[in-house]
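Two complexes are shown next, each including chain A; its partner changes from chain B in the first to chain C in the second.
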Partner chain A sequence: MYTTKYHKASDAANAASLLGASPEAKILAGGQTLIPTMKQRLAAPTDLIDISGIAELRGVTIEARKKLGVLKAKGGETITIGAATTHYEVANNADLAAACPAITGLAANIGDPAVRHRGTIGGSIANNDPAADYPAALLALGATIHTTSRDISADDFFTGMFSTALNDGEVIKSVSFQAPAAAGYGKFPVPASRYAMVGVFVAKSIDGDVRVSVTGAGDDGVFRHAGLESALTSDWSPASAAGVNVGAEGLLSDIHGNAAYRANLIGVMAKRAVESA
Partner chain B sequence: MTKITMTVNGKAASADVSDNTLLVEYIREHLRLTGTHVGCDTSQCGACVVHVNGQAMKSCTMLAAAAEGAEVTTVEGLAASKDDLHPMQLAFKENHGLQCGFCTPGMIMTATDMVKRYQEAGKELTEDAIRHELEGNICRCTGYHNIVKSIQDGASKMTTA
Partner chain C sequence: MSEGIGARVLRKEDKRFITGKGRYTDDIIEPNQAYAAFVRSPHAHAKVNGIDASAALAMDGVVDVLNGHQLTGDGIGNIICGWGVTSKDGTPMNMGAWSALATDTVRYVGDAVAVVIADSKEIAKLAAESVVVDYETLPVVVGSVEALADGAPQIHENAPGNLIFDWEIGNKEPTDAALASAEHIVEMDIVNNRLAPNPMEPRSAIATFNESEDHYTLYTTSQNPHVARLVLSAFYNVAPEHKLRVIAPDVGGGFGSKIYIYPEEITCLWASMKTNRSVKWTSDRTEAFLTDAHGRDHVTHATMGLDKNHKIVGLKVNTKANLGAYMSLFSSATPTYLYATLLSGQYNIENVYADVQGVYTNTVPVDAYRGAGRPEASFVMERMMETAARQLGVDPAELRLKNFVKEFPHQTPVIMAYDSGDFAANQKQAMDAADYKGFEKRRAEAAKRGKLRGIGFSNYIEACGIAPSAAVGSLGAGVGLWESAEVRVNPVGTIEILTGSHSHGQGHETTFTQIVAERFGLPTENISIVHGDTDKVQFGMGTYGSRSGAVGMSAIVKAMDKVEAKVKKIGAHVLEASEDDIIIEDGAVKVKGTDKQMLWHEVGLAAYTAHNIPEGMEPGLKESAFYDPSNFTFPAGCYICEVEVDPETGVTKIIQFTASDDFGTIINPMIVEGQVHGGLAQGIGQAMFEGVVYDPDGQQLSASYMDYCMPRADDVPMYQVMHQSTECPGNPLGMKGCGEAGAIGSPPAVINAITDAIGNNNLNMPATPSAVWAALQEASKQAAE
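Up next is the complex of A and B:
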């Protein structure tokens, strides 16, 4: 690992000012991607700004839905997850499991137990690995990413493989979304890395809007799938998802599988995601 | 350089380390606690697993500075003495849960962490669950069967809840 300067940030504003002070600085949260990348000398930040101990960036809050209009059976709560909340904390939050089991189940299957004890949701989305799980969830749930300077919709946040709308000196504080009426995640992991070969997150809001996002498969990162969204809007069922003809254009081909294989997996994972919802 | 202070196996430990020092480097090279191993250097093998504030973590994927103020337990900290092994260590010994032994410290630290979590949650630690929980620990000798048997045996003798 190249030399670096370690800073412990006292709060989110302090982290943002430290980050803005050096052009080659990086935020260190759980470090489960950044530290291995630095060990491989694929990243060489001059400064690391540790945000893992900042209390205001940790934890899950669930705000009850406002009683407006027709009372829906499920969903509508406002869920906020702090950027430095670990995968383990998300996976084991009982209130969150009741409000949105798709996201606790997703967190419980990221990496391995030691990685989940340290890795964070903010780190996952800031890195925007094209095979990461959380970007798919936030995109399908229509989440908002709250930073030290503004709020960004998930649609605008994920701008391509390993890239986001974050500016220099901008730090993610939390993400929030409305609990869906139904949601599910189907993931086919690469056995060695536990990353998604293909992951499909399906979500239906309390207003009936359906959003479907795909991770692991796109040649430019996470994306929404219009064909699956329209099929599931007219008929929310596993058979409806399985009946969609998923094309291979724009999909990734690598040693794990070619684009046609991934296209087929998208249909299968979408079906399983709806089954689990 | 950063001054770090933490508790390792119940004893206060303190040093000035360069900022890019990994926790495992601090444990092995400064504290000379060489039970914690480095197997892969790519965060996949789990030979370096230690407990940080009661949770299993890969000490090769964490800066020593990030463990400031933490309670760290390494495999050397499990047993009260050489003649009084932790139940999980005894279980690995009695069930032939190791061959070359290189992965064993990480296996044992992962095993004690998983048993504690399952016991505290009141969940049954089934054979399937053990295999799933071992996703972050690689063994190239045993084929895992005796490791799983060891963990089942050790779990039956551990009471953490």
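Up next is the complex of A and C:
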């Protein structure tokens, strides 16, 4: 590891100003990607700004939906997750599990226990690893990313492999989304890393809008799948997902699986995601 | 409870390992130590036109930057291969030069060209990055078949066409004739995938040159410190043996990869002399992928002939073995004498012929890895047997049973003389335990759930306990493969066993004490094992090839014979009885049929006080022995693997794995079962998960755990491990060896099971989900045509 200067930020604004003060500074949240990368000497930030101790960046809040009538349909709560909330905290939040089990289930299967106790949702989406799980969830849930300077929709936030709409000196504070009427996540892990070779997140909003996003498979990071969205909009069922002919164009090929295999997995994981929803 | 042979004595060494108190090479800190960081080639093949270390030398804390010209200039010898292999035409193998630091040419990614010695590891690494090397890249070849093709890049001048040797074994003409007249022919292309060894502890060395005594000390991660000292002294000219002490302290796994003396250890010793500092180097995981000798990497074409009664009449095998960029210590023996000599398998085959081409490529050197040649042989044989059974439409168990060797000793056409075994008994035990009869019912049940169920056999045999010195000498080995032991009985009766074997996970501190406890009726806590230090143990050949039991313990038995003889003489003298009436049991020397006895510690005291010992007898009680085995030993067994494949994803789950092994006498069943579990996990790893992948430029695409898949606990099943043993007639304890069997026998069982499940025999290792899914697609495409 190259030498670096460590800062402990006092609050989100302080983190943003420290970040803006040095062009080669990096935010350190859980460090589950950044620290191993630094140890391999593949990253050499001059400054590390630790946000893990900032209380305002941690925790999950769930705001109940305004009563719309006598029908007690599932979903509609406004869920906000602080950027420095760990995967473990997300996975084990009982209220969140009741409101959106797909996201707690997703968090429970990221990495291993050590990773889940350190890694954070903000770190995951800021890094936007093309095989990370959270980007798929936030994209399919139509989430909003709240930063120290603005709100960004998930559609605008994820701009390609390891790339986001974040500006220099901008720090993620939280993410929020409306609890879906139904959602599920189907993940097929790479045998070695156990990152997603293909992860498909399906979500149906309380208004009936269906969004389907795919991680791990795209050659430019997480993306929405129009074919699956339209099939599931007209018929929300496993068979409907399985019936979609998923093409291999634009998909990754690597030593773990070629594009044709990933295309197959998108269909299978979409089907299983709907089954679990 | 007895702690002797057959007892499940808990491992004495585990207390320090489990509590984090093991003492490994990297834990050793010398008062004036500096750190080495190697400057490694990023290119797989390039000329080195110059090295500019000026920036590194100008950095604070940098002691020196040394290169290959300085190293060879100081007379440090090239790295040797310890086994000469002769080609078909009688010529010796074509071996290219390998300097610990490359001088003019680099031949694989990771080849070291210089070393930085600095006050801290961080400074050393930073300085190494600042060394500017002027490389002129050359064309690259990574596969053995491609390297042998016309026009392939030439890697070593003196190995034209990259061919190191073209070796053969067996009876060629009779084999050709048998195949020509055979009723059935089975023909296959078989690839044995390349593996990285991945011991938990990476390689490490700390070398100290003591100028005032003109003496070197090297702590290193070695499976055979005495061999390391011999080679460092006799071939690399570091220092004469009496001026060089090599210590292999606690070593965290080896699997073969720590047999060899690598460039880094040699360089640390030399750099210690150059800088007059202790020099330490510890590999990180990336360096381990880039520089630890890899295993396997065979491309084979095999043809088997059977007569109308399904008896095998001949087997012909051609193998192209990728040996990497340089010849590692046993690289020539692994794909020849440790491989093709086992191609007769458990079967009575009159005609076997194999030829093997050893090939240079621009990859990490390839050498022995757990099983060393024998996994490759059993994979060829057992894939061929299963394929033959499918082709003939017969039960694979029946076909094997029909062809088993049933009488011993049995001379195969490929050197080996099997001494004992009962292959049918192992097969029956495994089939019963695996409920082979009930399989079709389970297959039908799985099909209802949409899963494809398959079953596969592997009836492996291997040659262990290497080996009779004269025999291996006649085959080209540069060393004898005996073992030594010393039994030191202290005046208070406690015992130290000094052994030339080395324990790096095998549990010798436990098992070796058990045979002493058994012999003298003492508790194991009164016995300790000394190993791994050339200043303490006189000489030894180390641990590999499942030899520490059959050879290392046999040497202890021989030394104990001598101790026993002396103890009986002392006992007879003190107790005033005839030597023939003296017995040793329950920690006492007794006169048979009387109540006269001396306690064990009284004998020790008598020997050392020497107040009352037979006239003319030397005082003391210490004996040593060298044991040279009379033959290889032949562990064998039957493994049955049952899998379920998810046709949607290609994911394979091992439902049941049954292992029936014949290891001869078992000293500690718990430790033996542990060896089998670990071996099976490694074999399953090779079959389903692991594989080194190079791109055409010679870059490893799998050089971290993000891409190189080690089997994890949830990838392997609960094993059914059992034994059905015949005693080995070749050594005093009747032992055969158990260290490698699991890794040797399991890969074909797994692949036979998966190919049975998916109905496509065309499947290479590792059978990853994507590979299995592709094979399923191919099968359904063929079915549609």
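FYI, the second predicted complex is superposed on the first by the 272 of 277 C-alpha atoms of A that agree within 3 Å, B and C clash if a C-alpha of one lies under 4 Å from a C-alpha of the other, contacts with A are read in each partner's own complex, and residues count from 1 in each chain.
We adopt the following convention: a residue touches a chain if its C-beta (ideal position, glycine included) is under 8 Å from a C-beta of that chain, and two chains touch if they have at least 3 such contacts.
Every value quoted in this text rests on a predicted model; they were computed, and no experiment measured them.
Of the two partner chains placed by superposition, only chain B is touched by A:Gly111; chain C is not.
By the document's definition of touching, of the two partners only chain C reaches A:Val268; chain B does not. By the touch criterion stated above, A:Ser22 is placed in contact with neither chain B nor chain C. For chain A, the partner with contacts to more residues, out of chain B and chain C, is B. In the superposed model, A:Ser237 lies in contact with neither chain B nor chain C. Of the two partner chains, chain C is the only one touched by A:Ile255; chain B is not. Of the two partner chains placed by superposition, chain B and chain C are both touched by A:Thr3.
By the touch criterion defined above, A:Ser176 reaches neither chain B nor chain C. Residues 1-3, 40, 192-193 of chain A contact both chain B in one complex and chain C in the other. Within the complex, the chain A residues that touch chain B are 1-6, 8, 28, 31-32, 35-36, 38-40, 48, 50, 52, 88, 92, 111-115, 117-118, 192-194.
Listing the residues of chain C that touch chain A in their complex gives 122, 125-126, 129, 286, 648-650, 689, 693, 701-702, 704-710, 768-770, 773-774.
For chain A in complex with chain C, the touching residues are 1-3, 40-41, 188, 191-193, 195, 255-258, 261, 264-265, 268. Residues 2, 18-20, 22, 41-44, 46, 49, 52, 55-58, 60-63, 65-66, 68, 110, 113-114, 121, 133, 135-137 of chain B are the ones touching chain A in the complex.
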